[in-house]
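Structure incoming, see below.
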Amino acid sequence: MTTFQARTHTVTLTERLKDATNVALIAILLGIPMIGLHTVDAGGKLMVATRWPWLLAFVATMFFGRLALQFAIDQFKLKRLTRQRTRTLEVATPRPWLKWLGYGLLGFSLVLPIAFSDNRYVVDTATTVLIYVMLGWGLNVVVGLAGLLDLGYVAFYAVGAYSYALLSTQFGWNFWETLPVAGALAALFGILLGWPTLRLRGDYLAIVTLGFGEIIRVILINWTEFSGGPNGIGSIERPSFFGLPFKPDSDDGATFASFFGLEYASEHRVIFLYYLILVLALLTNLFIARLRKLPVGLAWEAVREDEVACKALGMNVTNVKLSAFAIGAMLGGFAGVFFAARQGFISPESFVFSESATILAIVVLGGMGSQFGVVIAASLLVILPELGRDFSEYRMLLFGAAMILIMVWKPGGLISRREPSKVLAGVEK
Amino acid sequence: MGQFIQQLINGLTLGSVYGLIALGYTMVYGIIGMINFAHGDIYMVAAIISVTVITLLAALGISAVPLALMVTLLVVMAFTAVYGWSVERVAYRPLRTAPRLAPLISAIGMSIFLQNMVQLTQGARVKPIADMMPGQFNLFTFDGFTVFLSYTQLMIIVVTVVLLAIFTYIITRTSFGRQQRACEQDQTMTALLGVNVDRTISLTFMLGAALAAIAGVMVTIYYGVVDFAIGFVAGLKAFTAAVLGGIGSLPGAVLGGLIIGMLESFWSAYYSPEYKDVAGFALLILVLMFRPSGLLGRPEVEKV
Amino acid sequence: MSNQQSHLLEVKNLTMRFGGLTAINDLSLGIEGGKITSIIGPNGAGKTTFFNCLTGFYKPTTGSVQMNHPEHGALLLEKMPSHLVARKASVVRTFQNIRLFPNMTVLENLIVAQHNALQKASHFSLAGLLGLASYRQASEAAMEKAEMWLTRLKLRDIANMPTGNLSYGTQRRVEIARALCVDPLLICLDEPAAGLNPRESAELNDLLLYLTREHHKGVMLIEHDMNVVMKVSDHICVLNFGNKIAEGTPEQIQNNPEVIKAYLGEEEIEDTTEEEAA
Amino acid sequence: MNTLQKKLSVAGACVASMLSAQAFADYSVAIAGPMTGAYASAGEQIKRGAEMAVADINAKGGVNGQKLKLEIGDDACDPKQAVSVANAMVNKKIVFMHGHWCSSSTIPASDIYNEAQIPMATVSTNPQVTERGLKNIFRIMGRDDQQGGVAGAYVAKRFAGQKVAVLDDKSAYGKGLADETAKGMQAKGMKPALRESITAGEKDYSGIVSKMKAAGVQVLVYGGYHTEVALILRQAQQAGMKLMVMGGDTLSNNEIVTAAGGNADSVLFTFAPDSRANPAAADVVKRFRAAKVEPDGYVLYAYAAMQLFQQAATTAKSVKYNDLRKALAGGSFNTVVGKMSFDAKGDLKVPAFVVYQWKGNKYEAVK
């Protein structure tokens, strides 16, 4: 029962205690089957063991946790209440700090490998963040801009990775030769996926794209002659710096180290890979920023807003949707090619549904359609589990909880403001 | 010929299991229009609790099968309903007015959380139970292949049919059912008419969880072994079944489940189990291309 | 001026049946270019269904809708997919419940309306990406047209506001402006005057006259607000339960007994006796 | 002591030992495997074995006078996480790695350890792990082709004339082992009646069971993990089939007995010479059982890996890569799982595989 005079209603302690006891009661019901009782393997047969002290501890933490949480929320509401009175209705003014944060991040990303040149783990994690930023931007075109809920995006990531792996191991193509071909192939798969789903809405579209992702993964696992099946494809050729491979000095030709007179260190390759993905990411950002201003970009957003109205204005909605799928898939393909080049070995385990779910979480968390939001969300969702590496068993538990908390805290995504892509000059907002 | 009938029975049972979980999916989707990715894991939680309850009952010497089964069902349904309520209260209620995709992501987060919680509290090892309902009917032998229908298989099929009838009755005939359908059409209007929307949705989640609990108990008894990772694959299959049958329609969920169960059984028996998942999803895509709102789903009329 | 005999649009024996219900029953109507034709009738008379058949959203059960397009010649609209009706036959409509792009600004709504021209000029976005002159000119032309209609409909100062949080009347005007950006030959307005105050409906009347007199566009109107209909219409067609019960100039329609009966119910005229008996 | 409490106490001990030993613990050794995810039970075994070994080594004064600190990496059998675990370990300046467990994790991670010049001892049995000519990999368990060869020959001999089906679970390990065993059978003139693969992680294998029943299969050769074998066995028994099962090292996990409903007596599997019967392991096995940890499966292999490092580092009197690697490559070591020495590629020189059979709750060698 939400009482309407809550705003002025001073919350009494007894109310808080009653509420906390309710939570404790529920905690007991939740805790008994999972924490109170558990089955232990005793010589081939299961035996139920009890650990009531743990249940007690759990209920107590829930009780006091609830009290603390309520207290914090009350303070927060009180503070916000006072703050709100002083500020007029916040008109959607462009927030300058957002732009500065963007440039700051860009500067930081340029300087990062040099600052952490000895710490290979940080550079490698940053490379993973950038891969997920690329994937996030690709999916952002499909889900954020065109509003097509795609749950099988990992399929295009796999198409990119496997095309590079196969082309480089079978035909000796290098990274730069494969990139455009893999992008085109992924775009083709994008259209292949888009075509049957044209008439589908929302969740029906989601399940079909999910099915498409699973079909690709199962084919990769089973078609051993083509994809190496579960063994995957190994010894994929690493990208070289315009022909200078990253290898310890050896007699067959100059290497990166020998050419630049550096003493060989394995970090060179990691740093080169980082800058390679950074360049790819910046190009992608430029590409999408321009596309948003072009008719095709505006058409995507129009289709997301109201498909029927688009038809009434003479827009061929089918082509618009297919172009969104194709461009999104192409970017996924590029990220796949880079992933294969970086890891040197790919196998179907890397292209499971939970990858699609993570990339979707990045787009939704970042704020639908917001390029910058994807960058922040990608860094969050990649770095958070890495931070948890030390307490290994609780890592994924906290990751799941974090996803819930962030969504509850920011349902519209971190950056939920939309920058108009066409502005009439001489007219203040 | 014998193998065909045997696969028919196996397919019927597997389909009923998918149908049971899909029922929970459709009920939850039907009311707030959201894919509850954590539903598969609520089914897994139910299965784990049923192992604890069955082992405890066996230890206490309650061996009469019907009694043990009834007690297990009731206890597991009760606890799982509380889990259903808590999942909704923590992950979905705060996001009720949020953009459509927000609850989807918090559902995925909740699914990861539930899996790891169970792995931490109940251990990662596989949890078996003694066969609670041994014995079967040997129907007939056809050139050396004896076709059998075990008691558990019969129970699962019967339970599915009974539950479908009960829940269709609840949704269509009772006032609670009307409130649910009203919430699905327009939550704000329903609230204005004096229906406590929050309570209706919470109750629906608890019912959905209870349904998942029954499926969890059935699976634990049928397959005899359970671990913390079964929720994901089962959830995916049940979601496919619910959409194939037309999301939101209860008979559709069971029909979708049966079709996928049958398809998988016959495909892996006569062709090869390698591509049985591909067959399932391919069938779904084909059906949705011609009937965009599923087999029994209400065609969504686009009001121009 | 388009010549008198051949109409801009000829509707021949149009019938639309939904299962048992006949929404439109054997309707034939001629619509002239540069003129305002109004469709009136009580609620549920089939007016919006008629619009939907006209613009390809519903496929009529029988009958044809022929557009005599100056360049493309005779076009059968019911054969064309709905987006081609707007692009090739340049027949555009607005909706009873406004369908704008809420999160996009007013200007963006108007630019999207010129999507086809811009897309052709951007050559699959390549010219656009490279910023070639051909695309830039097309883009500037689109901005100018949008600005022209914005000024004409007094929407200039809110051009950069998202349409979602504009007032109802303003949203109506944005929807009309957006439709005009498609350069239609025939524009079909579905209850444009609904919810407008007298000053706004007067401005609407000026606009409609401006469109037909200066721009020679055909205008079709579904409207309940009689002083708009009677003031600006050149030709009126009255529908009731899907049948055309009257057609003609506003004066003819005003004192046509059939129309009055359909609208105001039974008049106290001579055959009231068997009315009581039935 | 229940699992959660034990875990916390062990973690507490770890933290305490880390803090206290911070002052002079020079050598960081690491293990990596699926601590979470579907194969978490294998990760648990590796962790237990390694923790006990490090505790024992530190009790006896550590290695070359330095205490050992154990780092634990969780890759959940996902190649991407394996790469980030490898990078994290390189940063922690580890001198020795026992891991990874899944072949699809070991392969990408091994490139990173090789570049960072860190020797590693792995139990992944996929041949591809050591075929790529990396010098830093040492495999302390047999390869699939060796294991498959022994299993194939045994099946051909014992079940000559019977119908045999060969299945795998589409994992890198499972498929490799099934292929090699089929090759071993064909070498002895026995052709498998059925060759299929199933999807791991599911529950219903009635389709394949009735396919085998219709084909009159009496022996199932399975490449994959014990959960699926138990399920197939249970569903075959229900379908009235007497099925003998032949599998690989993963079936040494006693979970298979409980999962198969109490009797797994029809399950045979190939495994290295049984370490529990080995006298050198006697006291370690006793201490494990005292801590209520059944030292089956990979527990003793993790222990042996740490012994390997200890003996190699002691003989080389340093932990620098070249010395340690040369010591590992050249030397021969006696560990709880028996004597170990490595060939040029890093594989076990004489991986004697023995066929075992489950009898109730224990397994015994079968002649």
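Note that the chains take the letters A, B, C and D in the order they are written out, and that residue 1 is the start of every chain.
To be clear about the criterion, a contact is a pair of C-beta atoms (placed from the backbone, for glycine too) under 8 Å apart; a residue touches a chain by one contact, two chains touch by 3 or more.
These numbers were taken from a predicted model, which means no experiment stands behind them.
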item	value
Of A-C and A-B, pair with higher C-beta contact tally	A-B
Central chain (by mean CA position)	A
Centroid comparison with chain C (C-alpha atoms), farthest chain	D
Centre distance in Å when chain A and chain B are each reduced to the mean of their C-alpha atoms	29
Distance from chain C to chain A - Cα centre to Cα centre, in angstrom	45
Centroid distance [mean C-alpha coordinates] between chain D and chain B, Å	36
Chain C and chain D, separation of their C-alpha mean positions in angstrom	74
For chain B, residues contacting two or more additional chains	116, 120-121, 123, 125, 128, 130, 274, 277, 304
Interface hub residues of chain C, defined as touching at least two other chains	57, 95
Sites on chain A at which at least two other chains make contact	38, 40-41, 45-46, 222, 308, 393, 396
Residue numbers on chain B that touch chain A, as the complex places them	29, 33, 35, 37, 45, 48-49, 51-53, 55-56, 59, 79, 82-83, 85-86, 90-91, 94-95, 97-106, 108-118, 120-123, 125, 127-130, 236, 239-240, 243, 247, 274-275, 277-278, 280-282, 284-285, 288-289, 292-294, 300, 302, 304
Residue ranges of chain D touching chain A (in the complex, touch as defined)	2-5, 7, 35-36, 72-74, 76-80, 83-85, 87-88, 90-91, 102-104, 107-108, 111, 115-116, 126, 128, 132, 170-172, 174-176, 197, 254-255, 257-258, 262, 360-361
Parts of chain A lying in touch with chain B, wherever the complex brings them together	26, 29-30, 32-35, 37-41, 45-48, 143, 149, 196, 199-204, 206-208, 210-212, 214-215, 218-219, 222, 308, 353, 357, 360-361, 364-365, 368, 393-394, 396-397, 399-404, 407-408, 411-413
Chain A to chain C touching residues, read off their complex	287, 290-291, 293-296, 298-299, 301-302, 305-306, 308-317, 418, 420-424, 427, 429
Complex contacts: residues of chain A adjacent to chain D	38, 40-41, 43-46, 49, 51, 54, 119-122, 124-125, 128, 221-222, 224, 229-232, 234-235, 266, 269, 343-347, 349-350, 386, 389, 392-393, 395-396
